[in-house]
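In structure tokens below, several structures.
After this come two complexes, each holding chain A, first together with chain B and then together with chain C.
Up next, the complex of A and B:
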């Protein structure tokens, strides 16, 4: 493990332990009240969902282009994190929407694109898990198509209508609301990096064990 | 390259004409899909609004899935895809040949499905034939472009029959959205040209991007 890993993991744990207090101390929003607090976890997890998707897509393209298995391990680790953070986003979003929009789910551009990318990530993991040998290349192809797909979903649904708040609200937030948000974003970002590194490490060790078994077989 | 693609298409068509297996099973399956939806949704002769557009596309998707699976299963059983890939043909040409075969089959299925859906769901599908052809052609190309690549690359995977729809449906969501919305726009009493043009343009962009990507990916994913 690299030197930064354990300090980063400890800081991440402390930040997450402190985050409920930071969020609880933020002022109440006038319209939504307590439900608005979900936002402090919803948006950071949505951002990590997006970052994980980009990492998985870029790593897959590099794996397809170079055939280097380091990229494949990164793509797999990121693929699992897409599903994890996507699930957090898709669970917290409707809870917030129930109060804000009056309904759990609306087929607007952002929700549809998120749901479909999450499904593609699930399909990616299913393919890796049950595809048998050689499925890592196929999965990389799928990730590439999944990444290219998102703008199309976005445009097509946006053409109907969109009611999800745009991301431009973030810089306009007052400090009292912005501080807990950025606090949570940093916590989630650290969590993302720590989990990604940990998962890549597991895959590296697995690859080493496999290589050792192969070498042993050749000897005997 | 086009010559190789044409030869592969001709080979597939010759094999198919001799047995007609995929044509009959796919068409029958597509028709049964539409009938099941008609039983489920048409009440007292009244079909749900815009239902026809969705059902037409669902039938095309299901039939396409079946055809894609069977076409490549045939190549796998007799190890002929390996022979194709070993031959001195550029890989993208093999892909294009396969894609053209699937497209021919799906266009055939649509010739049957459109009148059937129009009849069972009392939809004015044939009111604007030019736009309908444009939407169906661009949508089918998009669906088949992704489908052909996925079916080809899954040929070596375990549980490929299950994996094909699992991978294909999420990725082709934009085609289905654009196809269904575009077709639904044709069913309106007053045709809004702008809306239909938007969906056709989106489908064309989708086709260009996905065919390009598939041509690029076919080489690395089909190499051991």
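Up next, the complex of A and C:
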């Protein structure tokens, strides 16, 4: 593992342990009250979901262009993180919505596109797991559709009728509400980097195992 | 690993069941009720939703980290075993 990995993992653990206290000390939002505090985990999860989709898509493009399996391993690792952070987003969002909107789910552009993107990532992983030899290129093509969905998810609230807050809300947050948010964003970003590296490491070691099995077969 | 998968499946089933059960549409009311006469069951407290959200995030992240660590440990052991058997084969 690289030298930065263990210090980053420790800092990440400390930040995550501190984050509930930072969130608890944040003031209540005037209209939504206590339930608005779900925002501090929901939004960073959603951002990591989108970042993972972009990483998976870019790595897939590079894999298709170069045939280098290092990019394929990065794409696979990011694909798993799309499903992980997507699940967190799609569960915490409805819990917040139940109190603030009065319903768990509305089929607006952002929630629908997010669900579609998450299902594309699930399809990507299923294809990688059960697709057999050669499925990595087919899966890379699928990852491109997932990445193409990202800008649509982000800007959809500005162009379609929805009760999701627009993208202008975050930059205008006062410090008392913005500090816990950015604290959690940094925690989630660090967690994303650590998990991505750890997951890529699993794939690298698996590739070495496969190469050793081939070497043993040739020898015997 | 099988136990971990079973636990994950049970947690997912429980969460799905809870969401589906809670998502049932409310019965239509025959009359309007003034807000100060609502029974306590009608007001929805935010704390359980907040605690559920934070607990869900923490549990899922913990299970995922554990799963990746176990996968890394397994593949590392297999790698060491293969390395050893190749070295042993090289000597003979």
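Quick notes on this one:
Here is the rule we go by: the second predicted complex is superposed on the first by the 208 of 220 C-alpha atoms of A that agree within 3 Å, B and C clash if a C-alpha of one lies under 4 Å from a C-alpha of the other, contacts with A are read in each partner's own complex, and residues count from 1 in each chain.
Please note the rule applied: contacts are C-beta pairs under 8 Å (C-beta built on N, C-alpha and C of every residue); 3 or more make two chains touch, one makes a residue touch a chain.
A quick note: this is a predicted structure, and the numbers were derived from the prediction, not measured.
Judged by the touch definition given at the top, the superposed model places A:125 against neither chain B nor chain C.
When the two structures are aligned on the shared chain, A:106 is found in touch with neither chain B nor chain C.
In the superposed model, A:64 lies in contact with chain B only, and not with chain C. Once chain A of one complex is fitted onto chain A of the other, the partner contacts of A:215 are limited to chain C, with no touch recorded for chain B. With both structures placed on the common chain, the touch criterion links A:177 to neither chain B nor chain C. Of the two partner chains placed by superposition, only chain B is touched by A:146; chain C is not.
Listed in rising order, the residues of chain B touching chain A in the complex are 146, 149-150, 153-154, 156-159, 162-163, 166-167, 170-171, 173-174, 177-178, 181, 198, 202, 205-206, 209-210, 213, 217, 220-221, 224.
Within the complex formed with chain C, the chain A residues making contact are 16, 20, 33-35, 37-38, 41-42, 45, 84, 87-88, 91-92, 94-96, 98-99, 103-105, 191, 195, 198-199, 201-202, 205-206, 208-209, 212-213, 215-216, 219. The touching residues of chain C, when paired with chain A in their complex, are 15, 19, 22-23, 44, 46-47, 49-50, 52-54, 56-57, 60-61, 64-65, 68-69, 71-72, 75-76, 78-79, 82-83, 85-86, 89.
Considering their complex, residues 64-65, 67, 112, 116, 119-120, 123, 126-127, 130-132, 134-135, 137-138, 140-142, 144-146, 148-149, 152-153, 155-157, 159 of chain A touch chain B.
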